[in-house]
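Please find the structures below.
Two complexes follow with chain A in common, the first pairing it with chain B and the second with chain C.
For the complex of A and B:
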């Protein structure tokens, strides 16, 4: 087993608690952490001026006893875990919340937060479920309202110039992360999927400017490695929210190297650069839909499938693992035709239902091992 | 060419020793808390039955939930691959294998070489696993074998409204209190179990020949109920179905060294 590098240990530490050392450092410098829950929220908008984005996560959650009192038993464990952390004051440092009612479960989280822990600043972006010219205009209006509200509540500059600077900064950040991610295209990648995801999750949980030097350090460490990662099969991971790198670690313990990701907290296609031409809010609105391949969006199934197939070919994957959090209606429904469509293309598929918190490791190992064995690799 | 397979399951640990195409010996013991100790014990028993020593084994494959902790194996494979291989070795025409173990249930579709092309598993709920039958048999005062035999004598078979182990337990107690016969209740238990397993089996797509492995395959009531539900004859295997995973591991071991 490869020993974790110095930066990897740092990334692990950053994921131990939502209020990590980089978040604390930025907060002490007078900057304002804004929590958000969905990939559709454009990060650059909450990166401008003194704001910085923190993707809401509850890694390390050990139970949801408090949240269980308020949420139905059919609400997913991701939503449940976020509410648990909120009720346990684990997000106390967050000064503003930006939500998208991505699904009915997330809407229940928003309702309960309002009821139980009313935040000083909370904003819900009403995101359409179809993409066309009218939708973009609607989204521009929604993002403009968010910018106005943030600006007046926190006295921050979210004018065009400030937003353009934030977009440029975000583009530089994603370029660096993409350059690390592309190392996974190699026949013998120098890093594991677990390492890549740990790094990526750390970037979502920390201020971008403070974590960029750490990513560059990690990239250098990885490039200087003597031996590539050993594996039996190259896998692509597809699905909804996946925060805990431990899930990928288990998959990789069976010889399945995760070389590509297409999930809410992954890098493909979420980290594609934002085109900068004219109105930054419009650029953000267009980008939000371009980079998001969420089953909440109607009439886009074909684009979602095409993107997975294209990525699978680009990263030369042997099989696709679809991970779905139990009770996730959106992914639960999308997975069925998705599995059929991928198998029609000759791509082996394994569907894994899981909880937000890592568990049932033995069963997970058996399924992944059997999947890899069935591919004959 | 002497090879072995060792299957450390959640309830029982099994070993099979093969000499070319002949089963030399086999052993089943209850699993202890430490997989490595259970594995050593069952293998020592199987070796002693065959009059062999550890040095005589050219290759050994481990499987089952404790596979990664068996100290003496050359390779560890999933129980899905091993049950499939074992069933195919015993019945080369097998294309669908239903394995019901102590704490999980699997349905596998095989190709002509006995490789798994698709599988579904239930390992999150006791319903549809050996544990379900164990709990029900305990309430009825039967051992597992009796549960199957008695259920076939049912005159007025009952049905259970829920396959949840906790709720079904309450329902069985209710029927006992209502003085219903144990054979009628046992029939309901096996029918509930079979209904749950049938869903999983249909998910993988039933293709003939169909066979069953794992301890529950010894329960005639479940097998018969499954045959009705799936409308297919379930082919019986010529060894104790509990040993098929260990046998499959041994067959894999044989293939590993070119046999």
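For the complex of A and C:
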């Protein structure tokens, strides 16, 4: 096993607590952290002027006893963990919340947060579940309302110019991350999936401008590595929220190298560039729909399948692992036709049900090991 | 279908006959005798009339199709055998009830049978104009277009009412195929029925984002399996303003254009006007009924109110029989009110049921009336914020229907802020002078589960007794009927301090 490098240790540290050193540094500089919990939220909108986005995570959560009293234990553990942290005042530093009622669980998380810890600023984007001209126009209105509310509440500039600057900054950030991700296409990638995901998660949990130099350091370090990573099979991960890199670490400990990540907190296709010409809000609205391949989008099943197949081919993947947080109805139900569609294409698939926090490691190891052996690699 | 396949289907049916016969002799017949003994002569005549009418409906379907044709249909849709238990359902619900209340219950069951027979004939004879819809998509528009509608989830709800284990094999089938076991059992049963090939297919399909994630997501699979053109309605999260109404009305127009493209159906606005006027009439009657059941003691209650709404408003709004049913319900309630006859003599507590009812234990309120004097006055699936549809123009009708869908039960309660859910409960408590709130805590309904904490605290603050009754919508293996009754008993004894009626000591 490769020893963690200096930048990797830094990324690990950034993920230890929602209020990491870079968030603290930005807050001390008078900048405003805005928390969000769904990939549909367009980050550049909450990157303009003094705002910066923080993807809400509850890495290190040990239990959800308080949250279970309200959300029940039959709800996805990501939402329960967020509520637990919120009830424990772990998000005190967050000055505003932007939500999408992407599923029933997330919707009830918003309700419970409003009831238990009403944030000073909270906004819900009503995102349609299908894409056409009418719903894009609706989404443009929704994002305009968000911009207006943010602007009046925090006295920040969210005009066209400011937004265009934020989009440009976001595009250059994603270009750098994508260039690191591209290294995984190599037959012998110089970095592991765990390392890539640790880096990616820390970018989601930190101000972009402050984390960019660290990513560049990491990229340089990776490019200078002598020995490539050893593996038995190249895997692609598909599913919902995955925050803890430990999950990938376990998969990789069995010889499965994760080279592609098509999940909410992954890089594919979430980091594709945003169009710079024209109305920035419209560009953000269209981009949000284009990059969202969540089963909440009712008419996107074929696009979802095609995107997975295309990515699997592009990254020369041997098998796909679908990871689903227990009780997630969207992924849980959708996985059934998804698995059939992928197997029809000759792609081996493993479906893993898991909790938000890492657990049942032995079981996970055994299943991954059996999957890799079943592929004959 | 090959002979081998036919034999595979027929064999378990034939093998089951001796067991069924034994069950009828040992349980059904003694139960029937016991129940009938409890009737007055008039009650007996009323019950017999509706019993006979149910069998006439069934007989008509069988005779019209002919023995060979019907056998073929039975092999295609084996769940039809469960429908023979409709009079047993009537008997279970009629138990211990009398007079106008008994008649209203029998009538509700009969109208289910009569309209279901009509629906079955549509799938037997009119496949060329049949479309498939999801449970929350009202068929009004499609019917106005001259199309026949089969709502996929209907059997998932009806079968457990007729036989509690009616959907289990379908649930198992879906779980074995890979659907997550913790999903709601209704989409699981529906998917299972499709996997087994026990559902009809149509020319096109209309689904939606309602009422829940699992229901919505299941249509990805159903679309793959059927391979027919599909349109999906999308109710916005914040549906209460003009902007949302405009968006959803446009969506409905998109659905009309889609159906005109993919089916022979053509929009007949005059027909839609008739249907909407029929719906308005039913709404008017329902509101009058609600006004009467607000009074203590209620002149009618339970299934007369909730089963009627569930069946007639969701599937058959504007149908002549549905309007007639509501007219008769109101007549019966008026008569009981005028004569001072309560639905239930021992109305001790008035309850509302929140969330989906208990299909596999549909007579739970019958038991609770007799055991504890708890009368179900209304439920969340019935309670709505509908307003009459303006039938003056095609646009106003589409707009009106869009509001009916968005403000309808479940749709209204599963989206938007929690106030949509909570405020309705407390409004109902006042409106219907209720003593307690029952939450049907369906294990697969995450949206409902995740709001119980807030509801509990709010009920406590307002000193409203709350029973959160754990169960699974269709699967009695999760919580059995006994398990459900134990929860009720525990609540009645410990929270309400009200022992069973038969254990109460009569004061000297």
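What we mean here is this: the second predicted complex is superposed on the first by the 377 of 377 C-alpha atoms of A that agree within 3 Å, B and C clash if a C-alpha of one lies under 4 Å from a C-alpha of the other, contacts with A are read in each partner's own complex, and residues count from 1 in each chain.
Here, a contact is a pair of C-beta atoms (placed from the backbone, for glycine too) under 8 Å apart; a residue touches a chain by one contact, two chains touch by 3 or more.
Computed from a predicted structure; not experimentally measured.
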### Query
Given the touch rule stated above, what does A:362 touch, chain B (first), chain C (second), both, or neither?
first
### Message
Taking the superposition on A as described, I'd like to know which of chain B and chain C A:6 touches: first, second, both or neither.
### Response
neither
### Query
Thinking of the overlay built on chain A, is A:376 touched by chain B (first), by chain C (second), by both, or by neither?
first
### Message
Is A:332 touching anything from chain B or chain C once the two structures are fitted on A? First, second, both or neither.
### Response
second
### Message
According to the stated criteria, A:303 is in contact with first (chain B), second (chain C), both, or neither; which is it?
### Response
neither
#### Entry: Touched chain A residues, chain B compared with chain C
C
### Query
Who does A:185 touch here: chain B (first), chain C (second), both, or neither?
neither
### Query
Between chain B and chain C, which residues of chain A are contacted by each of them?
353
### Query
Which residues of chain A touch chain C in their complex?
69-72, 74-76, 79, 101, 103-105, 107-112, 114-115, 124, 126-130, 134-135, 138, 141, 295-296, 298-299, 301, 324, 326-330, 332-337, 339-341, 351, 353
### Summary
So, in the complex, the side of chain A touching chain B is made of residues 353, 360, 362-363, 365-367, 369-370, 373-374, 376
### Task
Please name which positions on chain C make contact with chain A in the complex.
177-180, 182-184, 187, 191, 207, 209, 212-214, 216-221, 223-224, 232, 234, 236-238, 243, 247, 250-251, 414-415, 417-418, 443, 446-447, 449-454
### Summary
Listed in rising order, chain B residues that touch chain A in their complex are 65, 68, 77-81, 104, 115-119, 121, 123-124
